[in-house]
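Got some structures for you, see below.
One chain, chain A, links the two complexes that follow: it is found with chain B in the first and with chain C in the second.
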Partner chain A sequence: MSKCSVGLLALSSFFLSTAAIAQEKIKVGVTATLEGTYTVLGEDGMRGHQTALNVLGKKVGDKELEFIVASTDATPDSAVRAVRKLIEQDKVQILLSPLSGDEGIAVKNFAKTHPELTFINAASGAQETTYVDPAPNFFRYNMDGAQWQVGLGKYAFEEKKYRKIATVGEDYSFIYTQVFGLVLEFCGAGGQVTNRQWVPLGTKDFASVIAALPDDVDAIYLGLGGADAVNFLNQYQQAGGKAHLMGGSIMIDQTILSSKGNAKNALVGTIAASGQADTWEDPGWQKFVKAYQDAFPPNKRFPSPSLLATNYYDSTMALILALRQVNGDLSNNQAKYKEALAKIEIDAPNGKIKLDSNRQAIGTNFVTEVVDDGKGALFSKVVKVIPNVNQTLGYDPAVFSKIGLPSRTVPECKKY
Partner chain B sequence: MSLAHDARVAVRPADVAQRPARTWPEINNPAAWIVAVILLIMPLIASGFFLIEIFATTLILGIMALSLMFLAGYGGMVSLMQLTIAGFSAYMVAVFGVSGNANISLGWPWWLAVPMALALATAFGTLGGALAVRTEGIYTIMITLAIGAAFYYFTNQNWAIFNGHTGINTVATPHFWGVNWRADIPFYYVVLAVAALCYFAVEYLSRAPFGLALQGVRDNPRRMAALGFNVNAHRVAAYAFASFVAALAGVLQVWNYRQISPGSVSVGACIDVLIIAVVGGITRPIGPFIGALIFVLLRTFALDFLVRLGLDGNRFRLLIGLGFLAIVFWSSDGVIGLWQRWRQSRRPAANRPGGGRGHG
Partner chain C sequence: MSRFVERHPAWALISIIAIAVGLWLVFAVWPPGLEEAIGRKRVFLNAVFNGITLGGLYFLVASGFTLIFGLMRNVNLAHGSLYLFGGYVGYAISTATGSWLLSFIVAFILTALVGVLLQLIVFRRMEGQDLRQTMVTIGLSIVFADLMLWACGGDFYQIQTPNWLIGPIELPLVTAIKSSGEPVYLRYPLVRLVIFAASVVIGVAMWLALNRTRAGMIIRAGVDDRDILAATGVRIQLVFVAVFALGAGLAGIAGVVGGTFQSLSPGEDIRFLLASLVVVIVGGMGSIPGAALGALIIGLAEQLGSVYIPTYAIVVTFLIMVLVLAIRPQGLLARR
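Up next is the complex of A and B:
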C-alpha cells in the first residue's frame, strides 16, 4: 500500500505545482512552427521575436512580461492544440500566434471561444482569417498574402513584358491568397495565367510537377516555402529548367535565399513582392537589420532577417507598445488593451502599420528583384515601394467581395 | 450454436490457465478499483487543462489504440488504419453536423449526424478490413498503411467534402438537457464513459466465444479452418468491431478540438497510434491507455522540460523518440510487460506469507 500512497502524493504535487501563479507577471503565449516543413521559418520568426524583446525590453510599468513558447507544424490541429495548452495549462493572458495560413484560420475561430483573451497574429497571412467573420479579439499587424503581392503583377506585365505565366503553389490558404493577389493584378493589366498547379504542403518529389510545367509561358510563378521551395529548386535545376521565375513572399525570402547549395542561384533575377525588401535604405529598416544581426552569431541566423522575423518583430512590437499605453491594465476582460491595440499605429521597420475595422493591417509593400551581393549571398533588392496597401487591394469593397474567396480557381483571370 | 460451443471447448483450457475465474478480473484487483476511483473523482483533482488536454485526450487516443490492440492482440492483425477510421468518423460528424463551413456541412442535429458517422466509419473500416484480411503480417501493415496514406492525401486535396488542408472548423458540439456537453467536466465524463464501455466491451469479447475463436484464428488459422470456422469472416467481424470502437474515438476527438483537418489523419499520426499500442503493450486492453498517457505527457511536456533544463527546446522530438526507444528496448511487450515482470520479481519476497495468488 505504501507505494500506492507515494504515487498518489507524487501525482497530487504534480497538479498543485501548476496551480501556482506568479503575481506581478503578464503571461504571453507564443507559437511558432518549430517542426515540419516550415521549421526554418518558425525558428527565424522566434529570432525576430527575440530581437523585439532586446530592443523594447520586457518591462511594462512595474510588471514583467513572461513568454511561453509552444511548437506547431503548420497544420491547423497542431496550432489549436498548442494554443489550448498555452491558455489552459500555462494560463497565458495574451497570445502571439500563429505563423502559417491555415493555422491562422483555426486560431481565429478558436479565439471566439475565449473572448476575454487577446490574440495577436504572429505571421499568418491567409485572407479569410480577418476578412470572413473576423474575431473581435484577434488582431493582425501583418498584411495578408494578397496584399504582399501588390505591385508584382503590374511590374511583371509592364516592365518585364511577361504576357503569359503559369503558377506552382502549395495547396493551402496562404498560397491561394498570394496567387489571388497576383492573378487579380496581372490579369487586370492584360496578362494571362494559363496553368495553376497545386502541390500538397510537404511535397518532396516535384518530378511530375516539373514535367507538367508548360513551355509556352514567359515566366513561372513559385508560391512555395521552406523545405518545399528548396526541394523544388534542386529538382528544377537538375531537370535543366531555364524559365524566368517569379516568386511569392516566402519563396523570395532569406529562408530560401540563404539555404545551402547552389540550387538557389536559379533565383538570381527573379522578381517577387513581399512585405519587406532586404536592401531597403530606410533608416528604420537598417536599424532593425543591425539589431537582428547583433542579437545572434552569424552561423545562428540569416544574413538578413526573413519576412517571418520581421512579422514576429512587428507583432511583438504592437503587443508591447499597446500594453505600455494602458500601463499593463488587463482588467475588465482586457477591454482597454483591446481598444489600444485596435487604434495603435506602429512605426515598424518595414513601414508604418495601422489596422482597419476588421483589425487587419494596412501597410507598405515592396516589389523586389533577387541580386547576388558578389560574395555568393543573395538578397532581395527594392524595385518599387507601395505604401498604404489595404486588404481589398484598393478595390471597392463591394466589387472585391464579388471576386470570391481565394481558392484553387478563384479569382478567374479577368479584369474585375 | 455449435460453432460457439466448439470454440469454448477448443480454446478454454489455455485461457483458464491464464485467468483463474470467469468473472471480470478487475473485481478482485485493488489497483483497478483505485484507478477507477481516481478516474471518477478526477475533476476534483485536475484543472481544466489536465482534465481535457491530458486525461480526456489520453482516453480518446487510448480508445483508438484499444481498437488496434483488439485487432493485433487477439486477432494478430496489425492495422495502421485505425486512426484513419477515427478521422473518417470525425470528418463525417463535421460534414453531416453543424460547423463553421456552412457550404459543406449539412447541418443535421448531432443525434442524427453521430450515428450516421459511426455507421459510415464502421462500414469504411469493415471494407478496409475485408481487403486487408486477404493478407498477413507485414502485408497487412502495408495495405492498411496505404489506406491511411491515401485517405490523408485525399482529404488534403479534396475541397468539396473535406475542405482541403484547411479542414473543417468550428464544429458544433452537443447541448441537451440544459448541459453543454463540451464543457470540461461533462465532456470528461462522456469520454470516460465511452472509454470504459469500449474497455469492458473488448475485455468481454476477448472471453466470449467470438473472441476465443478469434484468438484461435490468430494462433492457428489452419486448424481453426479445419474445425469448421470461417477464418476470414471472423477476421472481418473483428475489423468491424474495432472500426466501431475507433469511430467512437473519432467522434470524441472532433468534439474535443471542434475542428478536423488532414493533419489529424496524417501518416505520422497513424503511426503514433501504433506507437501508443506498442509502448503500452498489446497483450491486455489496459495497455493502450497506459501507452496513450505516456505519449500525451511526452508530447505535451517534452518542450517545456528541455527548456527548463536549459537545453535547446527545438530538439524535443528527440526526447520523445528516446523515451519510446527506452521503453521498447527494455520491454518488448511494453509497459504492461515491465509491470508484470516487476511484480513477479517481487512476489516471492513480499507476498509469501499471504499466499499471494489472489490476483493474477
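Up next is the complex of A and C:
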C-alpha cells in the first residue's frame, strides 16, 4: 500500500513537473514535403526555416519556442493528417504549414475547424487558398503562383518577341495559378497560348509528352518542379529538344538548377519569374544568402537558397517577430497575436512584405534569366524587379473576379 | 495457333484485323483526315515506342517479382526497395568509375546479395506462412526506404547516359511527307531503344534458361509442386536462394535502367512496386510470358493514355487491372 502511494506520488510529481516546463514553451508545428516528388523542396524549406532560427533566435520574452516537424508528400490528405497529428498529439499552438499548393487549400479549410489556433502558411502558392473564402486564422507571407509570374508575359512578348507559346505543367492548383498569371499577362500583351498540356504530379516518363510538344511555337513554358522537372529535362535532352524555354517559379530554382547531371544545361538562357532572384544585389538578400551558406556545409545545401528556403525563412520571421510584438501572449484564443500578424510588415530578404485584407502577401517579384557562372553552376540573374505586386495582379477586383479561378482552361487567352 | 482459330474464329478474325490496323498505323503515311482526327503521326508513333520501351523497364522489374512469387509463393513487397537500391549502387559506380556497363554488373551482384541475405535470414524462417511473409516484406520496405533516405538524402540522382547513347537517331519510319515530297523520318532517343533491346535479350535468355536447361527444369518443377520436388532429392533451399538472387539482381539492373532514362529519388520504390504488382496481376502471377505481356500492355496504356486522354491517364492502368480481374482473375497468361 505504502509502496503504491509513493509510486503515485512520484508519478504525479512527474506530471506536474512536465506541465510546469510545458508552460514556459510555445509549441510550433512545422510541415514540409520530406517525402515524394517534392522531397528536395521540403528539405531546402527546412534549411530556410533553420536559417531564420539561427538569425532570430528561439526566445520570445522569457518563453522558448519549440518546433515539431511533420512530413507530408504534397498531397492534401497527407498535409491534413500531419497538421491534425501536430495539433492533437503534440498540442502545438501555432502552425507553420504547408509547402505545396493543394496542401495549402486543404490546410486552410482545416484551419476553420480550429479557430483558436494560428496557421501561418509556410510556402504554398495556390490562389484559391487566400482568395476564395479565406480562413480568418490563416496568414500567408508569400505571394501566390500568379503573383510570382508577374512581369514574365510582358518580358517574353516585348523583349524576347515571343508571339506563340505552349505550356506544360503539373496538374494541380499551384501550377494552374502560375499558368493563370502567365496567360493573363502574355495574352493581354497580344501573345497567343496555343496549347496547354497537363501531366500528373509525379510523372516519370515524359517521352510522349515531349513528342506531343508543338513545333510551331516560339517558346515552351515549363511549370514543373522537383523530380518531375529533372526527369523532363533529362528526357528532353535525350530526345534532342532545341526549343526556347520559359520557366515557372519552382522550375527555375536552385532545386533544379543545382541538380546532378547535365540535363539542366538545357535551361541556360531560359527566362522565368519568381519571388526571388539568386544574384540580386540588394544587401538584405546578400546577407540572407550568406546566413544560409554559413548555416550548412556546402554539400548539405544548394549554392544559394531556393524559393522554398526563402519562403520558409520569411514565414518563420513573421511568426517570431509578431510573437515578440505581443511578448508571447497567446491568451484569449491568440487574439492579440493574430492582430499583430495581420498588421506586421516584414523586411524580408526578397523585398518588403505586408498583408492585404485576406491576409495574403503583397510583395516584390523578379523576372530572371538563367546564367552559367563559368564554373558549371547555374543561377537566376535579375532582369527586372517589380515591387508591390498584389493578389489581383493590379487588376480592378471586380474585373479580376470575372476571370474565374485558375484551372486547366482558365483564363482564356484574351485581354481582360 | 490453328487450334485457337478453330475454336474461336470470331476472336481470331478480330485480332487479325487489329494487328493489320496497328501495322498500317505504324508504317503507312497517314491521310490528312486521320491526322486531323487524332493528331500527328509523329506523336502517335512516339507514344507507341515509348510504351514499348517503358514496358521493357517494367518487365525487368516484374519478371523478378513474378519469378519469386511463382516458386516460393512469396509476395515480396520489398521488391521496389531492391529496385531503388540497385539504382543507387549503379549511380555510385558510374560516377566513381565513369563506366555505365560496369554499374549494371555491380548493381546486379550487390542486389542479388541482398536478395540472398533476405532469403536466408528472413524468409527461410517463415516458410509457408504467406501472410506473415507479406507483412514482414512491407515492414522491410519501410525500413529500407528510410535507410536509403538517410544514406542518399532526398535528392534526385541521374545516372549519366554514356556519350555514345545521347541524342536521337532516325528510324526508317515515315511520319510525314514534306510539301517538297521529301519524307520526314521518326527521330527517337537511342538510349531507350538500347534499353528495350537489352530487356528483350534478358527476357529471351530467361525463357531459354527456364525451358531448355536442367536448372530451369528444376525451377519449373518447383513452381508446380515444391514438396514432390524436394522429395526427389533436389536441394530445394539452394534453388530458392538462387531464384531469389536472380529476381533481386534483375530488380537491381532495372534500377540502373530506370536511373538512366528517368531518375532516382525516394518514393520510386513504391512506384515500381505498384507497377510490377499491376503488371503481374494483369499478366498472371508467376508467369514470365505473362509478365512480358502485362508490362507491354501497361507501358502502352500509360503512354498512349498520357497523350490522348491526359486527364484520365492514371486511371487507365487500373481500369485494365480491374477488367482483367473481373474477366480473367488468374491473369491473362496464367496456366491455371
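Some observations on this one:
Assume the second predicted complex is superposed on the first by the 395 of 416 C-alpha atoms of A that agree within 3 Å, B and C clash if a C-alpha of one lies under 4 Å from a C-alpha of the other, contacts with A are read in each partner's own complex, and residues count from 1 in each chain.
Note that a residue touches a chain if its C-beta (ideal position, glycine included) is under 8 Å from a C-beta of that chain, and two chains touch if they have at least 3 such contacts.
This is a predicted model, so every value here is computed, not measured.
Partners chain B and chain C, once the complexes are superposed on chain A, run into each other and clash.
In the superposed pair of complexes, A:Val209 makes contact with chain C only, with no contact to chain B. Judged by the touch definition given at the top, the superposed model places A:Thr75 against chain B, while chain C stays out of reach.
Judged by the touch definition given at the top, the superposed model places A:Gln238 against chain C, while chain B stays out of reach. Looking at the shared chain after the overlay, A:Leu201 reaches chain B, while chain C stays out of its contact range. Of the two partner chains placed by the overlay, neither chain B nor chain C lies in contact with A:Leu224. Within the superposed three-chain model, A:Glu43 lies in touch with chain B and with chain C [touch as defined at top]. Shared-chain residue A:Ala277: touches no atom of chain B or chain C. By the touch criterion stated above, A:Lys260 is placed in contact with chain C alone, chain B being left untouched. Contacts of A:Leu34 after superposition on the shared chain: both chain B and chain C are touched.
Of 7-15, 133-141 or 295-303, the segment of chain C whose C-alpha atoms clash with chain B in the superposed model is 133-141.
Shared contact residues on chain A (touching chain B in one structure, chain C in the other): 34-35, 39, 43, 73, 171, 198, 200, 408. For chain A in complex with chain C, the touching residues are 34-37, 39-40, 42-43, 73, 171, 197-200, 202-205, 207-212, 226-227, 230-231, 234-235, 237-240, 259-263, 408. Looking at the complex, you find that chain B touches chain A at residues 31, 34, 45-50, 52-53, 100, 153, 156-157, 159, 164-167, 169-170, 257-264, 266, 300, 303, 307, 313-314, 316-317. Residues 39, 42-43, 46-47, 50-51, 53-54, 153-158, 160-161, 166-168, 187-192, 261-263, 265-268, 271, 302-304, 306-307, 310-311, 313-314 of chain C touch chain A in their complex.
Contact residues of chain A toward chain B in the complex are 4, 11-12, 15, 18-19, 34-35, 39, 43, 69-71, 73, 75-78, 80-81, 84-85, 88-89, 102, 105-106, 109-110, 112-113, 133, 171-173, 198, 200-201, 407-408.
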